[in-house]
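Structures incoming, each one as C-alpha cells.
Both complexes shown next keep chain A, but they swap its partner, so chain B is in the first and chain C is in the second.
Moving on to the complex of A and B:
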C-alpha cells in the first residue's frame, strides 16, 4: 500500500493531528468528572493519564514502524485475515460512534447554553455537508482543518486567565491528600479526554517522514497534557469541590464571568468558536473510518463518507434525550478504554512476540 | 526555373483572389509605376499610411526591377515574404503587410510589413495607484507591455513563450518567466492549460484567468492580475510566471497565495515597519468587513445578553424607532451600499462623485432620521464598505464584499454559531483551493515559516535573501554567492 507523495503531509503536522483530536468536547466538562475520586488533587491524575498516553503512543509507534502500514495491516498480521477484519470493522464503528457522540454533545451544549429550542437536524444540515466537503477534498484538507482548528481558536486559551483573579490557591491544598488508588481512578476518568490518539494508526502512512514523526506525537500529547493540567488547576482554584461536582460544564461556567467593554456573556462567543475545535474531531474520525472502509473493502471514500454521514445523522436521533446520550457515551468510553488498556497493549505484545519468533 | 512551372490552377486562384480584393471596402489598390505595371495593395485600417505614402512608395519608384523576385532581393529589410497562397497572403495583409505584385496576372506576391498600431499612451496606474514608486501602467498593446517589463529586467534569461488562443481572435498570449529561476513545472502547467483552451474569442486576460483557474466555481480569484510593470518585474524575479495577453492592460500572475492579494505593491516602497503595519491594518479590514454586520445581526437577533450594560443604552436609543428586524435592516443597508458602488462604477467620474454625496450623506442621514435604520448599524455598514475598499486587488475586493451576504443569512438563522460555521466553510474552501496546482493558503497551510517574511508583515529586504518556497524556485537564493559584492 503506497500513498502518493502529493497526498502526504509534513511530519510536524502530527503535532496538530494529535492535539486537535485530543481537545474536543471533553475539555468543556472533564473537571467535574476527574474530581470524583481524587478531589482537589485530580489535576495530578491528569498528569498520570498524560504519561500513560505517552506510553501508548510509544507502543503504537513500535508496532507501526515494524509493520510499516496502518491499522488494517496490523490487524491482518496480528489476528489473521478473518479476526483481523472483525477488529477493523469494530474500530470503524468506534470511530463513527465517536463522531456521532462528539457532534451530539456539542449540539447539546448549544441547546443548553444558546438555543434551547433548536432542533438537532437543523444544525446537522449545516454541519454535515461541511464535513463531506472537507473529507472529499483530500487528507491534506482534513489536516489543514486540524491545523487551523488548533491555531485559530488558540486565542480562547487567554480567556482561561480571567478566572485567575477570583482564584484561591488554598482550594488545591494540601497536595497528595488522596490515596494512590484514588489517583489512578481519577486518572482513569481523565484518560477519556485523551483517547482520540489511536486514529494515529490510520493516518500513519500519510506522513512524509513517518519514523521521525514520533517526537511530534509526544510533543503534541505533552501540549494537551499541559493544557488539561493547567485548566484543571485553574478550575480547582476557582470552584470549591462540592460546587464543582454539581456542574456539568465547568469550563463554560467560568467563561460566564468574563466581561470586556464590548462584550458580556463571553460563553456565547466561546461556544460558537468552539465549533472550530469540534470540527477536526469530526472530520478526522470520519475520514479515518472511510479510509478503513477503503482499505478493508475497497469501497471508495466518497461513497463511504456519505454512508457514514447518514449514519451520524440517524445516530443523533437515537440520542434524543440527555439520558440516552449519557448511556451511549458510557458505552463509547468503555469502548475507548478497551482500546487504550487492552487492544493496543495486546497488539503491542503480540507484535513483539511475533517479531521475536521471526528472528529465531 | 522552378517557380515558373506553377500549375495554372493556383495561378487562377490567386488572380480571382486579387480581383475579389477590390470589392472589400477598406482595401486600397495603387498602381505606382507608369512604364511598367506594379500594383500595391493593402488594408488601410491596419497599415501605416504615412510611412507608405511618404517613404515606401517614393523609394520603390526609384528602384529598378522587373519582377517581384528581383525586388525581393533588392529590398533592404527582413521579414519580407514571397507567397502565392491566397489564404496566407490575406492573413499577412490583415496583420498590416503591404502586398506588391507586377503584371495583371502574377504568380507570386511580395509582402512587406508596414503595420500600424493604434494604442493608448502609457499612463499612470489607476486601479493600483501608489503615491510613491513608478507611475507606469500597462496598455493594451502586448509589445509595449513586454517592452515595459524587458527594460526592467534586461536579462537574456527572461523568456517569453508565445501562444495563440481563440479560433476567431487568434489572440497572442505570452507566458513570461526567468529561465533558471522559475520552476519549469509551473511554466509547463501554464503553457499546457493555455494550450488546452477551447474558445473562439479572447477579449481580455480575465478570459484566460477564468478558464485556466484551478477551481472555476470559486468566488476567489486564483491568479493575481496587475497593471503595474514593476510588480510583474518583481514577481518574475521571485520565480513566478506572468501571462501577457494582447489587447489587455492586465497581466496575470501565478502561482499566487491568498495573502498576496492583500499586499499592495506600495508596501515594497515604504520602510518595512510602516509597510508591515499597513498590511496588518488591511488584513484587519478584511475581517472587519466580512464579520461586522453579521455579528451585529447575530447579537441583536439572538444574543442580546452579550451587549454590556454601558453599550446597551446607546443601542436601545438608536434602535427603538426602527420597525425592522436586524437582518432586514442590515440587508437593506448593505444593498444600498452595493447599489451606490455599482452606480458609481458605471458612471463617469464627475457624476460618480455626486452619487457618492447623494448616497453617503443624503440617503444615510435621511434613512436614520426617518427611523428606517439605526445609526449604529449605519456606522458598521459604512465602515465595512470602507474596509472592503482597502483590498488592493479589485477582484478580491469584490469577493470580500459578496461573501458577506451568506454570513448575514447564517447569522440571522443560527446566530454566532452560524457565523463560525460559515467561517469553517470558507476555511475548508480555501484549504481546497489551488493556484496552478500550488496550495492557495500557503504560508499558513502548509505552514512555511520562511515564507512568513513576506506575508502578513514584510520584513526588510536584507531578510529576504531567498525566493519564496511557495514557487519551488530552481534557484532559491536571490543572489549568487559573491555576486552582490562585485558592485561595491
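Moving on to the complex of A and C:
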C-alpha cells in the first residue's frame, strides 16, 4: 500500500496532529475527575499519565516502523485476516463513538452556557456539512484544520492567567501527601485526556519522512502534558477540593472571574473559539474511520463519511440527558483504556515475538 | 463539489439557520438587566426578593426601577417579578446581591446556589449583608447613577484603598465549601439616603454569627491577606496618630505536635504617619512605633481568640496548618482548633512622617 506523494504531509505536522487530537472536550472537565483519588496532589498524576503516553507512542512507532503500514496492516499481521478485521471494525466503531461524544459534549456546553433553547439537530446541520467538506478535501485539509485548531485557540491559554489573582498555593500543599496507589488511580483517570493518540496508527503512511516523525510525536505529547499540568495546578490553587468536585466544567468556570472593560462575560468568546479545538477531533476521528473502511472493505471514503455522519447525527439524538451522555462516555473511556492498556501493548509484544521468530 | 451534495449542503445549512432564528433573542432595549437583588426573610419559609433595574432616560440620567415580591424559591421570585416588569428580567449584569440579616442567620446555602449555577452570573459579583432589611435599603437609596454601580463602586474602592478585605462571590463560595476556613461578608446599613459599610459579618459554615465593627476591619484584613494600602487610627494614652498607606505581609509557622499544634503568626507592617497630636514626634518616634505594634498585637490576638471561642476560622488557619502538616486529619481539626495555641507577633516600621518632623 503506497500513498502518493501529493497526499503526504510534512513530517513536523505530526506535532499538530498529536496535540490537536489530545486537547478536546476532556480538558474542560478533567480536573474534577483526576482529583477523586490523589486529591490536591492529582496534578502530578497528569505527569505520570503523560509519561505513560510517551511509552505508548514509542511502542506504536516500533510496530509501525517494522510493519511499514497502518493499523489495518498491523491487525492482519498480528491477528490474521478474520480476527484482524474484527479488531479493525471495533476500532472504527470506537472512533465514530468518540466523534459523537465530542460533538455532543460540545453542544451540551453551548446549551448550558450560551443558548439553552438551541436544538441539537440545528447545530448538527451546521457542523456536519463542514466536517464532510473538510474530510472530503483530502488528508492534507484535515491536517490543515489540526494546525489551525492548535494555533488559533492558543491565545486562550492567556485567559488562565486571570484566576491566578485568586490562587492560593496552600491548597496544593503539602506535596506527595498521598500513597503511590492513589497517584496511579488518578493517573488512570488523567490518561483519558490523552487518549486520541492511537489515531497515529492510521495516518502514519501519510507522513513524508515517517521514521523521523517520532520526535515530533513525542514533542507534541510533551506539549499537551505541559498544558494539562499547568492548567491542573492553576485549577487546584483556585478551587478547594470540595468545590472542585461539585463543578462540571472547572475550566469554563474559571472564566467567570474574567471581567474586562469591553467584555463582561468571557465565556461567550471562549466557548465559540473552542469550536476550533474540537473540530480537529471530529475531522481526524471520522477521517480515520473512513480511511479504515476503505482499507478494510474498499468502500470509497466519500460514501463511508456520509454513513458515519448519519451515525453521528443519530447518536447525538439518543443522548438527550446528561446521564445518558455520561453512560456512553463511560463505555467510550473503557474502550479507550482497553486500547491504551491492553490492545497497544499486546500488538507490541506479539510483534516483537513474531520478529524474533522470523529472525530465527 | 457535485450538484447533489451542494443542494444537501444548502438545505441543511438554511434549515439550521431558520431554526436558530426562532431562538428567543435578548435585545438590549427589550430586556431589563437586574443590577441589584435583595433577599429578606419574611415569615417562615418565604423570602422577599427585591430587584433594581436601571432605566436610562437620556444622557447621564438613570432612574432605578424597583420590583419586589414574596415567594419560596428564588427563581419563582424572578418569575413573579416578571409579572410586574415591563420587559423580561435577566441576571447577566448582576453587580451585587444583598441579604437581610435574618436570612443570613438561617444559612446562606439555599440562596447562593442559583448564583453559581447560572452561567451568566460572574464570580466577581459582590455579596453583602444588610443590617435591617435589604428591601428597606434598596428603597432608601437615592443616587444619580445606576444603583448597581453605586453599590459595587462603594465596595470596590473600599477594597482597593480602604480596610475592607477582598470579597466577592468566588471568595464567599470558597469559604462555604471549604472545611478549613469560614466565609465573611461586608455588612451594609442605611444612613440617610446612602448606604454605609457598618462592619464585617462572619459565618459559621453558612450561618451568620458575629459582627466586627468596621473600626477593627483593618485587623482582620491584615490577618486574612497581604494588604497594600491599609489605614490605622492609633489612640493610646495621650497620643493620637493616623497611620496610612500600610503595607503588610504575613507569615505562618506551624510547630508542635499534630494533636497540639502551635501556630505562630508573624505580621510585618510598614506605614506612613499622616496625622499626629502628642508630644514631640522626633523624640518619640520609636515609642509610637512600639505602641502601634503593641496595639495591633493586642487587638489582633483578641480577635483571634474571639474566633476560636466562636469556633469559626475566617483567617483560614486550618488551611495553613493543613499545608504544613503531612497526613493532616480533617475530622480531628474541628476539636483541636478552639484550643490550639495561636501566637501573634507583630513587626512594624514607620517609614515616613509626611513633610513635617
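What we mean here is this: the second predicted complex is superposed on the first by the 360 of 360 C-alpha atoms of A that agree within 3 Å, B and C clash if a C-alpha of one lies under 4 Å from a C-alpha of the other, contacts with A are read in each partner's own complex, and residues count from 1 in each chain.
Quick note on the criterion: contacts are C-beta pairs under 8 Å (C-beta built on N, C-alpha and C of every residue); 3 or more make two chains touch, one makes a residue touch a chain.
Computed from a prediction, not measured in an experiment: that's the story for all the values here.
Once the two complexes are laid over each other on the shared chain, residue contacts for A:246 go to chain C alone; chain B is not touched. Residue contacts after overlaying the shared chain place A:190 against neither chain B nor chain C. Contact with chain C, but none with chain B, is seen for A:168 once the two complexes are overlaid on the shared chain. Applying the stated contact rule after C-alpha superposition, one finds that A:134 touches chain B and leaves chain C untouched. In the superposition on chain A, contact is made by A:259 with both chain B and chain C. By the document's definition of touching, of the two partners only chain C reaches A:177; chain B does not. Shared-chain residue A:123: touches chain B and chain C both. In the superposition on chain A, A:288 contacts neither chain B nor chain C. With both structures placed on the common chain, the touch criterion links A:269 to chain B but leaves chain C unconnected.
Within chain A, the residues touching chain B in one complex and chain C in the other are 114-115, 122-123, 126, 133, 259, 264-265. Those residues of chain B lying in contact with chain A across their complex are 302-303, 305-311, 410, 414-421, 423-425, 427-429, 431-432, 439, 441, 444-447. On the chain A side of its complex with chain B, the touching residues are 9-10, 110, 114-115, 122-123, 126-127, 130, 133-134, 137, 140-141, 144-145, 147-148, 152, 259-266, 268-269, 271-273, 275-276, 279. Those residues of chain A that touch chain C in the complex are listed here as 112-115, 117-119, 121-126, 128-129, 132-133, 166, 168-171, 173-174, 177, 239-240, 242-243, 246, 252-253, 256-257, 259, 264-265, 267. Those residues of chain C that touch chain A in the complex are listed here as 1, 5, 8-9, 12-13, 15-17, 19-20, 23-24, 92-93, 119-124, 170-171, 173-174, 177-180, 316, 319-320, 322-328.
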